[in-house]
Structure formats: C-alpha cells, structure tokens
Amino acid sequence: MHYRHVLRRARLAKIHRRTPPGSTPGTLVPDPAAAAPVIHIIAYGPEGLHEETVPNLGALEAIRSKWPVVWVNVDGLGDARVLEECGRQFGLHRLALEDVINTYQRPKVEAYPGCLFIVTRMAREQPDPAVPLDTEQLSIFLGAGFVLTFQDKPGDSLEPVRQRIRQDSGRIRRVRADYLAYALVDASIDGYFPLLEHVGERLEELEDAVMVTSDAACVQRLHQLKRDLIGVRRAMWPLRDAMNILIREPSPLIEDDTKIFLRDCYDHTIQIIDLVEMYRELAADLMQMYLSQVNNRMNEVMKFLALISTIFIPLNFIASIYGMNFDPDTSPYNMPELRWRFGYVGALIVMSVVGALLFLYFARKGWLRSTTKIPRR
Amino acid sequence: MHYRHVLRRARLAKIHRRTPPGSTPGTLVPDPAAAAPVIHIIAYGPEGLHEETVPNLGALEAIRSKWPVVWVNVDGLGDARVLEECGRQFGLHRLALEDVINTYQRPKVEAYPGCLFIVTRMAREQPDPAVPLDTEQLSIFLGAGFVLTFQDKPGDSLEPVRQRIRQDSGRIRRVRADYLAYALVDASIDGYFPLLEHVGERLEELEDAVMVTSDAACVQRLHQLKRDLIGVRRAMWPLRDAMNILIREPSPLIEDDTKIFLRDCYDHTIQIIDLVEMYRELAADLMQMYLSQVNNRMNEVMKFLALISTIFIPLNFIASIYGMNFDPDTSPYNMPELRWRFGYVGALIVMSVVGALLFLYFARKGWLRSTTKIPRR
Amino acid sequence: MHYRHVLRRARLAKIHRRTPPGSTPGTLVPDPAAAAPVIHIIAYGPEGLHEETVPNLGALEAIRSKWPVVWVNVDGLGDARVLEECGRQFGLHRLALEDVINTYQRPKVEAYPGCLFIVTRMAREQPDPAVPLDTEQLSIFLGAGFVLTFQDKPGDSLEPVRQRIRQDSGRIRRVRADYLAYALVDASIDGYFPLLEHVGERLEELEDAVMVTSDAACVQRLHQLKRDLIGVRRAMWPLRDAMNILIREPSPLIEDDTKIFLRDCYDHTIQIIDLVEMYRELAADLMQMYLSQVNNRMNEVMKFLALISTIFIPLNFIASIYGMNFDPDTSPYNMPELRWRFGYVGALIVMSVVGALLFLYFARKGWLRSTTKIPRR
Amino acid sequence: MHYRHVLRRARLAKIHRRTPPGSTPGTLVPDPAAAAPVIHIIAYGPEGLHEETVPNLGALEAIRSKWPVVWVNVDGLGDARVLEECGRQFGLHRLALEDVINTYQRPKVEAYPGCLFIVTRMAREQPDPAVPLDTEQLSIFLGAGFVLTFQDKPGDSLEPVRQRIRQDSGRIRRVRADYLAYALVDASIDGYFPLLEHVGERLEELEDAVMVTSDAACVQRLHQLKRDLIGVRRAMWPLRDAMNILIREPSPLIEDDTKIFLRDCYDHTIQIIDLVEMYRELAADLMQMYLSQVNNRMNEVMKFLALISTIFIPLNFIASIYGMNFDPDTSPYNMPELRWRFGYVGALIVMSVVGALLFLYFARKGWLRSTTKIPRR
Amino acid sequence: MHYRHVLRRARLAKIHRRTPPGSTPGTLVPDPAAAAPVIHIIAYGPEGLHEETVPNLGALEAIRSKWPVVWVNVDGLGDARVLEECGRQFGLHRLALEDVINTYQRPKVEAYPGCLFIVTRMAREQPDPAVPLDTEQLSIFLGAGFVLTFQDKPGDSLEPVRQRIRQDSGRIRRVRADYLAYALVDASIDGYFPLLEHVGERLEELEDAVMVTSDAACVQRLHQLKRDLIGVRRAMWPLRDAMNILIREPSPLIEDDTKIFLRDCYDHTIQIIDLVEMYRELAADLMQMYLSQVNNRMNEVMKFLALISTIFIPLNFIASIYGMNFDPDTSPYNMPELRWRFGYVGALIVMSVVGALLFLYFARKGWLRSTTKIPRR
C-alpha cells in the first residue's frame, strides 16, 4: 500500500501546478517540499577557473566582469527569493521563472530578449524496474557570457561537464558560453542511452518470461516498461524539436561552430526516439504473444480435461450399467451377463477397447500435441 | 434510468443546432431552456475601475468613452435581443453571433472586420467520475478598447481575473484590452490542469482495480475516463491551433508584448494535449491488462475445475467398477477381489495412488501455480 | 434475403461506373434505372422572382438576359440529351458532365474555364438504423449569373433555400450567384447535423445494450453504425478540403463577402468530422467493452459449472465408494462401516462437511462474486 | 500443395530482381521465363493511321517521319536486345530500361532528358477469389511524337484505346502524343473499378458468412481479400502521386489541355484509394465481428454443457446416495428410506424438484437465451 | 540458454555507447572486442588502377597525387589511432569519427566542410530465421578525389563494386569519386532485396503453419519476422531521407549526372520500405488469423467435450437410478421395474433413445461441423 502511494506521488507531482488557475502570470509559488537552494558558481576562461558555493548572488557582478564565462547552478527550488534575485541579476522574464519553478515542463527552447531559455529533462536510471522512470527538469538560461541552470533535486548528470572544465579537457575552456549550454544539454541527453540499454535488457527478459511462465506479473512488467518508454518519449520528442529550432533559427547567442555540435545532439535525440519506437513496437508485440500464450495454456488445460472426461465418462457409464439392480432372477433378459463366466472380464475388455479407441481419436485429432512448447531446433 | 437520461441530455446538447438545416445564416434561435442574460460590466484603466450589473447596454456608450478598457460579460444566452443589441453596439457579424448561441462550437479564432472572435471552452471539474466532463463555451470578442464575453451558465473560471482587475495585481490595469482577452483564455485553459490531475488519480485507482477485482465496473470506469479524455482533447487540439494563429498572424488588435504571454498559453495547451495523449495510452494499456486479467481468471477457474475433475473422475470410475453387480458366486472370474481380505483396503490404496499421481502430473505441468497473482518483491 | 439484397444494391451502386474502362473520356451513359429529368428554374433579383418547371431549356436565353441570377435544377439523370443541352447552353466541360452522371463522386471543387464545378453529397436521415446511410450526389455548376444543379433522385435538402428566395428572407435576393451556391452547399452540409444527433442516440442505446445483453445483435448494430460513420466521413473529409480551396484560392466567381460565409461552411465540415471521429472512437471502445463483456459472461457460466462440478464430483465419489460391493462377510476390512450404527449418517455428515469446505474455498477465491454486474453507486 | 506453389510463385516474382546486388546500374537481365517480344506499331494523325506488327524496329525511322504520333507497343520482355534497340532509337536512359525489365516497380513518373518515363500497373480481374490479385507493369515512355509501351504478358487493358484510334472516336487522332499517354494511363486505372466492385461483393458475402457460419474459411477469405486490397493500394498510392507530379510540374511534353484530363485521372486514383481504405476498414471490422462471433458460439456450447452438467450432476449424486450399500438391517439409521413405501417415488420427486429448480436458476440468469442469433425486426 | 545469450549480445550491441555520458564530444573509445583494422586502398583512373593492403596511411599522399580517385577501406574499428590518422590525413571532423566508432548510427548524410559523411547499413542474409537480422554500419566519407569507408566486421557487400573497378565495367573508372560513393550506397541497398525475398518466403510458410498447426512456434516465428522487418525499416526510412537530401541539396561534391543514379537509389529505398510495410501488414493479419485459429481449436475441443458429456451424463443418470437400492420387497412402488421381464432391455432402449435425441440436437445446432478446416474448392 505504502509502495503504491510512493508511486502515485512520484507521478502526479509532474502535473501539479502550485499556482491556482487564473492567477497573475509569472507568480512564483515554490513547492513547499522542495529543497533549499544551493548556489554553485564556476567561472572560467582559457587561462583558469574560479569555483565556489555561495549563499547569495552578491559577488556575482565582480565575477562576471572578470571571467568570460560564468555558470551559476541553483540546486533546489524551495526559495522564491533566490529565483527573483536571479531574475533581477540576469534580466529574466517572469514567465520563464514560473516555468522553472513548475518542474513539469516539456523540453523547449524559448527566445526572450537577451537570453535563450532551454528546458530539458535529465534521466535517472532506476535499479528497480518497478519504480517508474524519474526525470528531473533542467532549466538552462543562456545569455551573453553566462549560463544559469536550475535543478529540483541534488545530484545530476552534469558532473562530467564540471570535470571537463576543471581539467581543461577538450575545447570547453577556450570557447563561449553557448558551448557550455550545448555540453549541458548533451550530457542530459546522453543519460538516456544507458537507461534504454537497460530497457532493452528488460524486454529480452520479458520475452523469455512470456514464453515460459505467462503469469500476470508479465503484464504488470510490460505495463511498467511501456510507461517508462512513454516517459522517455515525452522527454525526447519535444527536445528533438527544440534542438532543431536551435540549429535552424539564427540567434546571436549561438555561434555557427556550436551548431555542428548541436546537430550531433539532435541526431542523438532522433536515435533515442527511434529506439523508443522500436521498443514500443516490440512491447506491443510481446503483449500479443502473451495473450496468445495465455490462450494456448488454457487450451492445454481444457484439452487435458477433455481427454480425461471423454475417456472416463463413457467407461463410467458402462460400469454404471452393470451397477443397476435389475433382478436376473425374475427374467432371463435382466442382465444375464452378470452371471456369465467371463462377464466381468468381458466388461473390462469392452471398457479397455472403448477407452483405447477414444484415446486414439483424440490423438488423431492432434489434441495430444502440446501447442505451448516451442520446438528446439 | 433517470440517471442515464441525464447523461444523454448532457451529451446530446453539445451537437443540437436549434436553427433548422438550410435556414438563413446568422439566424439567432436561443435555447428555450437557456437562462435569461445577466450583463456585467467592468471598465478600468490605470487610475481606477467601474463595475456594475446592468439590465441593458444603454449606458455603454458613456462608459466606453470614459475608460480605456471595457469588459462586458453576458451570462445566459436565453434572449436573442440582448445578443442583437450587443451586435449593433460593437458591430459584430451575424455569423459570429450565431456561433455564440449554438454553444457546441470547437475553440477557434476568427478575424472579423474590427474585432477578433475567440471561442474557448471552460472545464468544470466533476466530483463524481460517473458524470461526464462538462465543458462550457466561452465566446470572446476582442475589439479596440473592449472585450465582450458570452457564457451559457452562471458560474465560471474567470473570477480570479476579476479579482486581479479589482486588486490591481500584476500589469492588467495598465495594459490594453488584448491582455484582458489573453487573461481570460489563460484562465479557461488553466482550469484543465486540476481536472487532469484528477484523471491521473482515477487512472491510478483503476490500475489497482484492474489487477485486483477485474469486474465489469472497471470497463465501465475506463470507458468514462476515455470519454472525458476525448472531451478534453476536443477542447484543446483546436485551441492549440487557435493560439498558434493568434501568435503567428499579425493583427492590429494584439500587441507584441502580449504575444509572449500568448506563447505561454500555447505552451499550456501543448502540455495538456501531451498529458491527454499519455493518459489515453495508459488507458488503452489498462484495457489490455484488464482483458488479459479476465482471461487469466477464467484460466484459474478452469484449472481448478480440471484439477477436481481429472482427479475424481478416474477414482469414481474405479469405485463404479466395484459397484458392478457381477455375481462372484457364478464364476471365479467375476470380481473375486470383492471377497478378498484386503479387497476394500486395496481398492482404497489404488485410488489414493491414482489420485496422487494425477495430482503430481498436474503440479508438474505447472497448473497449480496461480497466474493471476503478482509476486511481491 | 430480399432485405439484404436491397442493401447490396444500395451500396454497390456507389461505385458502379457505367462507362466501360478505356472508353472516350466524357462519354455520357446514363443509369438505365435513373428517373427522367425534371427541369426547374428559379430566376430572381432584388426586385422579384420567376419560377417555373420547363420541359427543355429553350426559353433559358430569355430568362438569363432578364434576371441577374438563374438557378436551374435538374432532378433525375436518366436522359443524356438533357445533360448535353445543359453543357451546350452553359459551356460545360464533358469531363464534368461525366462526373455528374456517375453519381459516386467524392465531394470536390474543380475550376473549369468560365465556371466552378462543385460536387457535394446530401444526407438523408434513415428512420431505420438497419438501412445504411444513403447520400445523394449534388452537382453544382457556378458561373456568371447562373447556378446549375443536378440531383439523382426527387426530394432534396434544398427546399429551405427555395423558401428563402421566395420569401426574400436574408440577403439572398440582393447578392450574386456565388451566394446561392454557398447557400446550397451550406444546406447540404447542415443536413448531416440531425443525422449525427441520431447516431449519438444510437450509440447511447448501444452502450446500454452492450452492458446488459451482450448478444450478437450488438455487434451487428455497431457494425452498421460504423459503416454509417464511414459514409459521413467519406462525404465530409473531401468537402472540407473543397471548402478550403474555395476560401483560399482566388476566383473571379466568388466575392470576398461570400468567403466569410464559406468559412462558416468550412467550420461546419470540421465540426462534423470532429463528431464523426469522436463517435468512431466511442464505437471502437464499445466494441472492446462488448468483447470483454462476452468474456465476462463466459466466465460467469464457467464459474457456475465449476462450482457445481467441484462440489458434487467429490461427493459423488464418496457415495460411489459406499456403492462398491465388497463383501463385509468375507473380511472385517471390507467396508465395515456399512454395518456401523451411524455409518449412513456419518457418510452424510462427511459429505456435507466436504461440500461446505469446497464451497467456502470457492467463496474465498472470490469466484462467487459476479463480474458482469456494475455496482450501483 | 501445387495450388499454393502457384500462389507463391505469383507473389514472389514481384520482388525478384534478376540483377545481382552491386552489379553495374542499367544491366539488362531478362527473366528467362519471359515471353519473346512482339512489337506492334500504330502510327496516326488526323488524316489516317498505319498499323503493323514488325519483327524489329528497322522501319521505324520512316514511320516516325511520316506520322505525327507513333505508338510502339512491346509485348513480352524476354529479349534484352529489343530493349537495347528501343533505347538507341528513342534515346532512353539505361536506368529506365532496367526498370522496364524488373517488373516489380512501383508506379512513378520520372523525367529523363527528352522523354518522360511513366510506370503504371494494370489490374486483371480474377474470377477465382482464391487466386491473388495479379497486376501487370505497364512502362510508358512519352517523347516528342512517340509513345513507347512495354508489357510483360500478352493481353492488356489497352484494346479500347486502340479501338478509339482506329475508329477516330473522340479527339485522340487530332491531338499530340501526350493525350495518347494519358489515354493509356486512364485505361489502366479504369480497370480497377470493376475489380473493386467485385471486392465489394465479396465483402458483402463475407458479412453474411461471418454472422452465419463463422468457420475458419471466413478468416482465410478475409485474409485473401485484405491481401488484394493491399495490392490495389500499392498500385494506386504511388500512381496518385505520379499523376499529381504530371499535373503540377511543367513539362514541355504535356500540353495544358491534356492536364485537365490528367486531373480526371488523378481524381480516379483518389476515388480508388478512398474505396480501398473504406473496404479495408470494413474488413477489419468484419474480422472483429468474426472473433466476437467465434467467442459467442463457444459461449453457446459452454452454456449448453453447463446446463446439462449442473442439472444432472446433483441428480446423479442423489441417485448415487441411494446406491450406497449401507445395511438397513444392522441399524435403523442406515438408509431406512430404502424400505419406505414411497421411498423410490419420493426420491424421484426430490430429483425432479432439484432439476427443475436448477433449470429455473439457469433461465433466470438469462443463460438459456441465444447470444449468437440476430433478432429479425 | 547459450543461444538466447548470443541473441541478446547481438541486439544490445546496437545501442551500447562506449563513451560515458557527458564526456568530451569526439572522444574515440573503440569497442575492446572489435577487430584490428585492415586498410585496403584502391586508386584508379581511366587509364588504370592501383590496389594494395597497407599497414598504415604513410604512402597515401603519393597515391592521392597520382590517381584521380582513391578509395580507402578500413575493415575493423579496434584501433582508435588508425581513425585519428584518417581524420588528420583527410581533415575529418571528430564528431563524424565518433559516429564511425559507435556503430549503432541511423543512416544519414551530414555535410562537413570539405566532405560529405554518409552512414548506411549493409544487410547480411541469415540462413537461420531464428538468428535476428544483422546489419553492419558502413560509414562513407566522400571528398574531393577520395572515398573513405569504415566497416566493423570483415566481409561485405562491396565486392561487386571492387570487381567493376578492376574489370573497368560500366562508367565507374571514367567518372569522379561521387559515382563511387553512389555505387557503394547502391550495393548496400541492393543487399536488402534477396533478404526481403526470403522474408516473403518465410511469411508464406507461416501462413500455412498458422492454418495447420497453430502452435506457439508460429507466434515465436512471427515475432522474429516482425523484429527483422523492424530492423530493415530502421535502416531504410532514414536512408530514404538521406538519399533525398543528396538529390535535392546542391553540393559541389555531387555532379548532376550522378544525381540521376542517386534517384534510382532513392527509388529502391522506397520499394524496400513499401515491401516492408506490406509484409508488416500481412504479419499483423497472420497474428489475427493465428489468434482466431487458436480460439477455433479450443472451440473444437470444447464441443467434443460437450458432446461426450451431454450425451453420457443423462445416460449415466438413468443407470444410476437403477443402481439405487430401494427394496422392492418392502413396497410395490419401490422400483418394480427391476423385476419386470423387459426392465433391463427397456432401460437400454430408453438410454439409446435419449442418447440419439441429444446427438441429433447437437447435430442440428451445427456443433458437429468442424470450424477449423478450410473447405477445398
């Protein structure tokens, strides 16, 4: 009971808007259960980097003036004042901030004056397939010389990007903020590949389970798998469109060189969608296999019942006949065979012959052949 | 009976046109059951507001000349003369007025000379899931300095917007009529979010019910849920297109600044459609789970019947054999075992062995394992 | 037999081309069963109207020169010469005339030099739902100052338009021929609304029938309903595109003012398509409900059979044991209970206990609960 | 066995490419089983025509210089040299010739320098519905003053066109080669109408068969029907696009006047696709009806079995009780009723009452009502 | 077990990315199990060719300066240094090289400065239908005067192209590198035709198997077939788009003359997709046939069980009645028929009549007719 309750909360949180219908657009009502924000700043350039966790954005001005790229990451959306301060410092639109705080957004790219607002979703692989897929919204603001990211929960898929900045690996320290934004989106997309690999393995296991056991747990697991695939698809379809918009539409914030990398991102979203669609088809097919296998098993049981019944019911009838109490004393026509020397033996022989004939009829009909086993090659 | 009758009326009302086929376009035939109109005027500007409920539109001219934005809301479509007076005062096209009175319109945006005609649908959350979703048509005319709205029934989702005007919260009092129109459409869309949250909860409950009881009520409830989702989709798909037209097509009545807010509206319609599609897929999946669960339960019953039958039918046959009346006196071959010292005991032992063997056969076939229970992890 | 034969003719007529494959395009081969043409002329202008039924088009020249708009309606396509005379008088293309005579056309708009050729289909509501939907082709030629219409059968949905002309209601007498063409198309579309209302009622009745009786007649009726919906959809989808073409593509024959009215027509076709799609989804859903209900009923019967069998088969076995003829005289082990004082009573008690235990087992498995009834709230 | 073998060959031939993968494009490898080519020439103009069957294309030059339009028809693709000679004489691209010889092409229009290459498929109505639909590729080259057609097998749907040329009916002799190409495509499309009429009849028959017999032959016939519809759709969808290209894209080889006729062709392809889709939906619906009818019949049998079993099993139990051999001599409690005066009669009465009660229970449950019959109205 | 394990590895390899999420784009991590690269160079021109297998690309500069077209084929992706050397020599983008090494790419065309990057997939026909379809990624770089190809495994479909170069057949030696790239893509596409022919044969065999045996192996085989079709579709859909891009978008690397050949490629991808879709529909249809056939067989067994039960249960009951031990000595009403002269014979006659009547009832219901056999014509 408790377990299902957890599921329910996990899923419904995705659509619960905290701002009541009709309220002023841009109203920021944080989730009371959300964590307090932790603000982490990485500022870097070709010649070095500066990294610190700060309580507020007071020192930001100084840092921005010193480093070419500043990445401010806010972890935890529990305090509306931090968001409002960000909004003031970076000149963000209130509607975008409202989308940050309502973390059920679909991935999208929106151009606001002076900045691009990118929403993507990070996947978190679940060890337990019964716990539904959990994606976390990553809100990215890309402006001149800064990238501002918001996340709901601590722990993310962005650590490798931080490492690349710290270790000065690749080109990341030598290029502008748009490349950092790309790297963050790319990291969030790449997190879906191991997850889908895991889905593939679950599908293979289910394929075996469907052919062997065919119990209700298969349906339950298929349902969970489909639900996860729907989750991935909901994250990827709009992200694909968002990437396409980033590539096609000219923006002063995105350099041409970065667009080749964004094309790679776009390609990855297509690959993921492609896999999801393939898995969905295979899952639909498995459901059909399951249903036919359930039918086949029912068939097996029914055939066995029919075999036993059709053989023994006639035999029983013969036995019942000789269990009748017609009195052979009063009439020579009243079951004289009861007193024959080989009456009993004869009855047994007749029964055996009838039973054997019925068995042969069954066999000739092909009803003794199993229809649930798959012949080995 | 009465209950279903209510349903029927609720649903059919949606497509009943009161104007007979072929009549002059623009004919206004009000629903005889519709309420008498209540006209409510809010006129406002940055420096204040004027609000009153009026019997007719006589004083309108004066109010329009005094306040930058006038919102006339007509509640109840029972009187064609009020509509015609509105048409004269604001210069509305007869075809648009005909659409106002036939409240089964799909959401749409139509440009008429001098005004935009926007049709949207407000949702009303039902406490009882057996009562189908009821959406109410909200007809909005947006012109220079005025917004004119028509509703069928008293009670609406627009109260928060009135409050925002009265309390001068946000920018609403300082901007033009197009922002008011946006706020009204936004309020009507936002009303679908709690409704869909409720649908999500019903889906979760159904998921449990399908796995546990699998009775006909599940199908009935799934059917009701799907019907509601179809209702939401019918309201949202065209509204999405309408919002897109408002954003893309240049109109002197809509300012660029308002378009950023309309983009937010558009985004909400997409989110709702996305949720509806996800719920529809989950509902279709639940239907399949239900069908397989019904089959599985049948299987269980059949297996139990087969178990009892296949064990007892052969035993019964053995008992019947010794119930035959062959006369052991007349022949040593006629059932001599009836007089053996351990004949009865031997027969019982044979029966036990046969029964046990059949039971083992059943068990080895895996037919004793339940296929309807989901193992706990 | 006869009844089905009628159906067959009704449906196949829709695709039977009378011109053999490969014949010269524009060959006019009338249906031998078609009625003789009745030519009806209404000529009108702001100042009056002239109406007559004529045997041929001899006087047409004079009428056309006198009245601004002439509407020639030909009822019955049984005579190719009338068509050819029309073709000559109004300068119609032979391919269009061929389409007039082969009355299985999809709705369409085709521009020919000097005239527009519009094909639409009029619906005819059937009182008996077993008789499939019958749509009649209405071919409209719109040229400068004339509208020429062809119908297959007497009786149409255009009478209200004639009334509007006669009574000079609305603008029809004061505007050009394109408005008449619009009014005719509009009248033919509006005829589908009551029909769909009727379909909605049939769906509601079927919903009840499926949950209550679940017999083969439900499937049959669902099939008929779907077939009718396919019929409406086949008429409306192409008509929607045709209306769109009329609105979008500039034509000297259509005035801008009329286009606002055509947009209303277009809107109606979308509403009808929307309803059809909704009904189709509900019908598909009903089919699934039906199948699950059939399964559930089978389940009920099987559970009852299983209940009776599993209770009585073991009891019968116990009775059979004491029906065995082992001779208690020859051995103290041969059924001594037959001579016990409470042997019979004991056997009855054992049977009762076994029966009760099996019944309880059944009840605990939940197999006594009905799965076909929907609990009342 | 042999019959299925024929089917297999018929179907697989459609995709067998004779050129091995990777070979030089334009390699001409004729089907070894193809017939030897028969070359038939019709040259015509307004003033007359010349028709002959020639062994090779030697005299072609002379004929082309004399007549405005020359139609060369090659029947049988068994000789690559004839194709190569055609290629040289008319300047055809090798890739087009390769498509001529691999007769599994989808209909298409390809522009090559100096000529248009049109591929269409002719239908051949089968008297036996078990033989799958057989379409034959018709390859048409349209150039300045010539039309060159290739067919695989003798016998075609083009004879009416030849007749029109010979009899100088319609405009065909007075216009250019593009009209001839149109006439050939039109003739090939028109051949599908009688075929679909026949499919419609088969559907009607199947509808009856499904409701009445519901045997496996229905499924087989539905499968064949669907396969035929897939075949028609595969021919028509691409042909529709090809016609659209011919109409939209300007080509010096197609005159504007001919385009009105091509629009008619395009319209016919849409009509055919429309019919195919409708038939496919009806067929899918029939399959569902069939499955539900099979279920219903199973239900009927099960209900009858349940009726007999539940009535007689308890009765049998009562009879068995009085077949027990408890000895009334040793105890007054041992089945005293065996010696009662009305013991036997009483037992019979008890049995009758129990049987009647069970029957009534069955009837009240509604299980005696047939669910497979459709009530007559 | 081992066999399924092989399957699993084969399939999952397709999506396993070796670069961890978030790593620097363009990181080359070869599959540790991949083969060591074998570099094979064919350089050619109209006057001759040079062919050798080299250990590294040291001599490439000299060869490129001497021959107009150089084709470098790298077989085996086990060594990142070889890829990096290729990248340097030909100026390839790191993202493209990353795609080469992660061999689960979808077919695509990407323009990089100075070269086109084409990904296609080669099919390998499997003799055993249980082994899933295995496609191998072929990465093609086309630049000025060079074609560079990468494959994962030894053995490919490109040998015929090599032969054409060696034998100077067709135009290949006389044209530029773009024609070679076309020839390679064409060879990879053509490899799907024999594979689909084989799929067609498997479908035909399954059609027989479904109607005759209907066992679980059919479902398994259908599932494998569908999985293979999904595989082909996943390779062809994106390749079709890629071909279309190559044809439509102007590129200095592709000559107009080559585009006619690419159009042929494009046509082949459409043909393959068309076949795949047709086969998928037929497979879906077969699944339905299978399910209905399983149901029908169940029906047959149930009908036989019902026949035996309903005939013998009443007979048995009659026999049981006369097995009751009511004492005819104590009452004239206690089974006097036991002592009648023709009591036994009468009982047998009654039983025969009852049995015959029940059999006739069964026959009249049509339950003796087989519903699983297809009547021969």
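Per-chain residue numbering starts at 1, and chain names A, B, C, D and E are given in the order in which the chains are listed.
Going forward, contacts are C-beta pairs under 8 Å (C-beta built on N, C-alpha and C of every residue); 3 or more make two chains touch, one makes a residue touch a chain.
Computed from a predicted model, the values in this text were never measured in an experiment.
Look at where the CA atoms of chain B average out and do the same for chain C: the two points lie 25 Å apart.
Chain E has its Cα centroid 40 Å from the Cα centroid of chain C. Counting only residues that touch two or more partner chains, chain E has 291, 295, 298, 302, 305, 309, 313, 316, 320, 323-325, 335. Shown here, the protein chains touch around one cycle, each chain meeting exactly two partners. Read round the ring from chain D, going to chain E first, the chain order is D, E, A, B, C. Looking at the complex, you find that chain E touches chain A at residues 4, 7-8, 11-12, 15-17, 20-26, 93, 95, 99, 104-106, 108, 110, 112, 128, 130, 213-217, 219-220, 223, 226-227, 230, 234, 287, 290-291, 294-295, 297-298, 300-302, 304-305, 308-309, 312-313, 315-316, 319-320, 322-325, 328, 335, 338-345, 347-348. Taken together, the chain C residues at the contact with chain B in this complex read 157-161, 164, 169-170, 172, 183, 186-187, 190-191, 193-194, 196-197, 200-201, 204, 207-208, 211, 260-261, 263-264, 267, 270-271, 274-275, 278, 281-282, 285-286, 288-289, 291-293, 295-296, 298-299, 302-303, 305-306, 309-310, 313-314, 316-317, 320-321, 323-327, 330-331, 333-335, 365, 367, 369-375, 377.
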